[in-house]
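Several structures are given next for inspection.
Here chain A shows up in two complexes: once beside chain B, once beside chain C.
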Partner chain A sequence: MLHYLGRRASYSVISILGLLTLVFFLTRLTGDPSALYLPLDSTPEARAAFAHLNGLDQPIYIQFWNYLADLLRLDFGESMRQHRSALEVALEAFPQTLKLAFVAMLLSLTLAIVVGSMAAARPRGLFDRIATVVSLAGASAPDFWVAIVAILVFAVGLGVLPTSGTGGWEFWVMPVFVLMLRPFGLLVQVVRGTMLSSLASPYIKTARAKGLARHTVVFGHALRNSLLPVITVAGDLSTGLINGAVIVESVFGWPGIGKLMIDSIIQRDFAVVQSTILVTATAIFILNILIDLLYAVLDPRVRY
Partner chain B sequence: MNPTGIVSLVSAAILAGAASPVLAQNASHDIRIVLPEQPANLEPCGSIMTNVGQVLNQNITESLTVIDAKTGKAMPKLFTEWKQVDPTTWHFKVREGVKFHDGSDLNAKAVAFSIERMTGGKLTCNNMAKFGNAKLTVKPLDDYTVEIKSDRPQPILPTLLSVVMVVSPKTPVDKAVNNPVGTGPFKLTTFSTQTVVLDPFDGYWGKKPVVTKATYVWRQESSIRAAMVETGEADLTPSIAIQDATNPKTDFAYLNSETTAIRIDMDQAPLNDVRIRKALNLAIDWEGLAQLFGDDIQRASQMVVPGIIGHDDGLEPWKYDEAEAKKLIAAAKADGVKVDTEIKLIGRNGIYPNGAEAMEAMMTMWQAAGLNVKLVMLDVADWTRYLQKPFPAERGATLVQMMHDNNKGDAAFTIPIFYRSSGQYSSLSDPAVDKEIDTAMAATGEAREDGFKKIFRQMRTEIVPDIPMFHMLGYTRVGNRLNWKPDITTNSEIPLANIQFKN
Partner chain C sequence: MSDISSVVPSTSAAKPRGRVLFNYLKRDRLALVAVVFLAILVIAALLGPWLMGDAATKLGLRHRNMAPFQIDAGWLYVLGADTLGRPILPRLVVGAGNTLGIAAAAVFTSMLVGGLLGLVAGYSENWYSHVIQRGADIIMSFPSLLLALIVLYTLGPSITNLVIVLAITRVPVYLRTARAEVLELRERMFVSAARAMGANSARIILRHIAPLVLPTLITISAIDFATVILAESALSFLGLGIQPPEFTWGAMVANGRGYLSTAWWIAFWPGLAIMLTTLSLNILSSWARTVADPQQRWRLQTLKKAAR
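For the complex of A and B:
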């Protein structure tokens, strides 16, 4: 196990370094930041001074070399926009996204497992039909539209929830609801499909023949064997959420890393772009390792 | 407890939880302002940026002078009086009895420090853009008198000094700060990724503001910001979209200092023919186009708004006359001008609400008049290449969508940039015009105003280097408990000291 973890970690470090190198050069291709940071009527002298102060007047290979040297000292640079450590900016935003993603995924997964299993227990029954319609609608609804409508109904119309922002539990309701719609819809379909397959298996027939209770057969025997594909899809969806729920963060004013990343790209805040990608890439590698370990827990045949 | 009881209890809890912030806000003179974007930083040297200035200017930091929104003239603030000693030398009196939030005294040395910090070149200072390449030498003459010398005549130095935000002498000279210490009626308490909080400064030299605390938050979506004021979560939000300004009781339209226009590339055929440039102005159905920007929009005849020194009130905007436009194009064609040459209309994504729609409409109208105009929409960085010198060598004939903001009271912040040969956005190269501009720039009083008016008139009637479109409107939603209205300065500052309450 330790050998496996060590191998995965070393691969991850190499991948992250490759990614950061790629991001370094791609961000520089987007153009000169002084066009965005200085007023349009700035003089050429002011633009030259800006480039000099930020080291942008040096050849790209010198800039890259300096970047690597700074990385070795764990110096990730300073945000040109916010005038403070870029890593600090990224690490402030990331927990906000992580908390939101964790709650949304936990609720999505739990609800999807229950709803998907119950739907599969009586295929084509009333509950199955309702669950299919609701889950497909959830997976297909544009989150931007759902978010705006939710604000209009619950904040402006009924006045029972705040429009946006962060704070007590009431601020979580709409962002979590909007964020979990798509994962919930997809996972319900995955759970239902894998459960239908499991419930048709010979060992389930044996369990039923032994006279086990219906819920024991469904949740105790069939569900466990159906979880591996569900975990795979849930892992993939979690990766998307960790990368930042840009729309939800923008609409609800949630200070997460997705919006920060997009803003930094648009504003050519190179150091922040690199830091946000470093933070999210590291988190995604850790998440993938956790998912691999979870496979081993759920399926005794999987060993590392 | 039965299910109905549980539902009632949960609903009551939700209502109580949601209502409490609103009630708490109503009970005091604390206010909450929701901005369209997070302030990038709180460096006073960059306070001409809207998102920084709306928090800092006249709240935390104060300027040396302020511009009267109606007359465009420089008025006292931290400088109380001034006189011009010779064309390059001014003497200023510093307001006495003023303290910084850290307890330091405002005096001539502190003023010199702030100006030198801004002009010293050790940090990126956006406010310096207003000074161009001017070099200033500041010398305290006594505790409360400052002498400022410039390397060239600066007849409007008091106006220029309205962008100098005075900071404590303890502020780092070579490092931008996010914890500004000024002399304003409010001091910074919190600056986080979610909020900026300002509390009153007890040692303020002026009248004590009615506002007891100001909290700034930011939401990108205009509809969300408007909803926050409607629900009482916020008291005020600037810059909402026209489609969200639906409530006449709370939504105020105001003429901001922005003018939209199209710059004509006068170097390139067929745009180097004045008949084509006039035809471009005549071919637009201005009334129809105005519908994109709301009922109160004002047509522009020049690149500055009324109230700016140099604005010519008698200058008529171009009228819509498609027949005349066609006639001018036909005359040019008859003289051998290649009127069917492709003209690129360079638009910028998101430059102002409905900006792309306006460009599409104008392109269609020009095509209808017989010109071969093609629209190219670009993001800001690519668009800037066409706007600023050096222009791309292989650009061909171009028209560039632009918006100019002059809220500094004087056409000196506009004319040299757009019409002088050396101007960053100028496609005009005419020594005679340069001379007129230099004369007007060096003049004072009526001669200065008349000089600028003459140049605007010449541009409108003879040279036609641009297509002035509209003086733009901003829309601000103000909550019911506030007694405050936006004005031309709202895009650059929201002075909390001016905000009153209805009750």
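For the complex of A and C:
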């Protein structure tokens, strides 16, 4: 178990380091930040001083070496835009995204398990057909479009929900709904598919022959065995949920990591871009390990 | 699979198979609608720019923000006009060409690159196989949209870069599938036979293994098409995808975003077009899965009996 975790962790550290290296060189290619941060008529001396202050006048491999050395000391650099620790900026935005993603994932997982199991219980029935079309539509909908149509209807048209920002529960409705669409749609399909094959297995016939009620068989016997692939897909979708978060946060003005990332890329705030990537990648790595542990809990046959 | 079809005379085997598939398609009305919609879309995308390319870019300040469902100004304006008075219907048709073209180019590139890398990573045990796999892990472990944003901002937004970025984010999918297939195929007798006859690795991979991996990759690419369309639209919506004067559906939604309260139709129609296209693709791939799965195919067959 510990051996497995150790190997898993070392792989992830290599991945994260590779990612940071890639991003370091890519962001350095985007151009000189002094063009964005200093006034247009500033003198060459001022530009040089700015570059020197931020260590941008050194060759790129020295910059990279300095960056790695700082990383080892857990120093992630300073945000050029906000003049404070870049990690602090990233860690401040991250919980906002985490809250949003957690609520959306929990809701879509619960709903998808219920809807998918009910659809699989009577394949080709009316409920199954409706569920299939709705879930396919959810998986195919462009989230940015659904977001602005929702704003159009509920905020501009009916005036019942706020267009953007944070605050009470009414600010959560539209972002969570939009973020749920894709995971919900895909998960319903997965639950339905695995439930169909579970329900076709002999042990279900035995359970039915014993005289157990239909819903006991569907939710008690078949569902437990179908959960494993569902958890796998849900884990993969959680990484993708960050994609959705970027869109949702930028449309609804949600101060999360996605919005921070876009803003920092556009403003060439290198240190913040790197910190957001570090934070996101670490979170995804922890999530993957948790999912592996969950396997062992759900399926007694799985041992590491 | 292929050795069976080579035993049966191919002319008699191919024809009924196509007809059987068509019959299955006719049973499932939803899938049939999806196929018809996609066919119309592809024809429109191919012929559209030639038929009404001029109308899509012609400014008409008299028709600024014209509301939809009026035909006084001509049937081109039936879906309304945008802020510069350009009719939306022809723009949707021209945008379809760009959207589908970019997606097709990205899917094809990622299939080619991912497939080749996967063949190499699966066939050899050298150090570069491990490098290829770790590379795929890195791409997979990170949200694709963020990666695309960074790369696009670095390289600068253009159609070529957009295709490259979209392809990079999808490469791991093909790479992993191809590798998994090769791992199994390379232990088969025909590979040993080829090696015994003196074929080198490149020949074995390209002539003996690749043809057997290709059908799987093509199947995946059909499903992947919808994902790539959505990714491209999202990037163009965020302003880092296609740049004016070129446009895709995603860019059209972005244009209309500022006019939501005054002219909802500018952002609405292109988004609906994206949704209908990806929905059709998903319906079709879900239908194909049902047909390909013998456990589920009997449902279509029993439907057939009931219909008679």
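The rule we apply is simple: the second predicted complex is superposed on the first by the 296 of 304 C-alpha atoms of A that agree within 3 Å, B and C clash if a C-alpha of one lies under 4 Å from a C-alpha of the other, contacts with A are read in each partner's own complex, and residues count from 1 in each chain.
The definition used in the following text is that a residue touches a chain if its C-beta (ideal position, glycine included) is under 8 Å from a C-beta of that chain, and two chains touch if they have at least 3 such contacts.
This one's a predicted model, so the numbers in the text were calculated from it and none came from an experiment.
Trainee: Does chain B (first) or chain C (second) touch A:22, or do both, or does neither?
Mentor: second
Trainee: Quick check for you: in the superposed arrangement, does A:286 touch first (chain B), second (chain C), both or neither?
Mentor: So A:286 meets neither chain B nor chain C here.
Trainee: In the overlaid three-chain picture, which partner chain does A:148 touch, first (chain B) or second (chain C), both, or neither?
Mentor: A:148 sits against chain B and chain C alike.
Trainee: Please indicate which partner A:228 is in contact with in the superposed arrangement: first for chain B, second for chain C, both, or neither.
Mentor: neither
Trainee: Of the partners chain B and chain C, which touch A:83 in the superposed model: first, second, both, neither?
Mentor: Only chain B is touched by A:83; chain C is not.
Trainee: Looking at the overlay, does A:169 come into contact with chain B only (first), chain C only (second), both, or neither?
Mentor: After superposing on A, A:169 lies in contact with chain B but is clear of chain C.
Trainee: Name the contact category of A:255: first (chain B only), second (chain C only), both, or neither.
Mentor: The answer is first: A:255 touches chain B but not chain C.
Trainee: After lining up the shared chain so the two structures overlap, which partner does A:14 touch, if you call chain B first and chain C second: first, second, both or neither?
Mentor: In the superposed model, A:14 contacts chain C only, not chain B.
Trainee: Touch test for A:71: chain B only (first), chain C only (second), both, or neither?
Mentor: Neither partner.
Trainee: Just to be sure I follow: which residues of chain A are touched by chain B in one complex and then by chain C in the other one?
Mentor: 30, 148, 151-152, 156, 250
Trainee: With touch defined as at the start, can you tell me which chain A residues reach chain C in the complex?
Mentor: 11-12, 14-15, 18-19, 22-23, 26-27, 29-30, 123-124, 132-133, 136-137, 139-146, 148-149, 151-152, 156, 189, 196-197, 200, 239-240, 242-243, 246-247, 250, 258, 261-262, 265-266, 273, 277, 280-281, 284-285, 288
Trainee: For the complex, which residues does chain C have touching chain A?
Mentor: On the chain C side, the touching residues are 30, 134-135, 137-138, 140-146, 149-151, 153-154, 226, 230, 233-234, 237-238, 250, 253, 257, 260-261, 264, 267-268, 271-272, 274-275, 278-279, 281-283, 286, 295-296, 299, 303.
Trainee: Any idea which chain A residues touch chain B in the complex?
Mentor: So the residues of chain A in touch with chain B come to 30-32, 35-43, 45-46, 49-50, 53, 81-84, 89, 92-93, 148, 151-152, 155-156, 159-166, 168-170, 250-253, 255, 267-268.
Trainee: What residues on chain B touch chain A, complex-wise?
Mentor: 11, 14-15, 17-19, 21, 40-41, 43, 48-49, 121, 123-124, 126, 128-130, 132-133, 175-178, 193-194, 217-221, 223-224, 227-228, 230-231, 233, 380-382, 384, 387-388, 413, 417, 424-425
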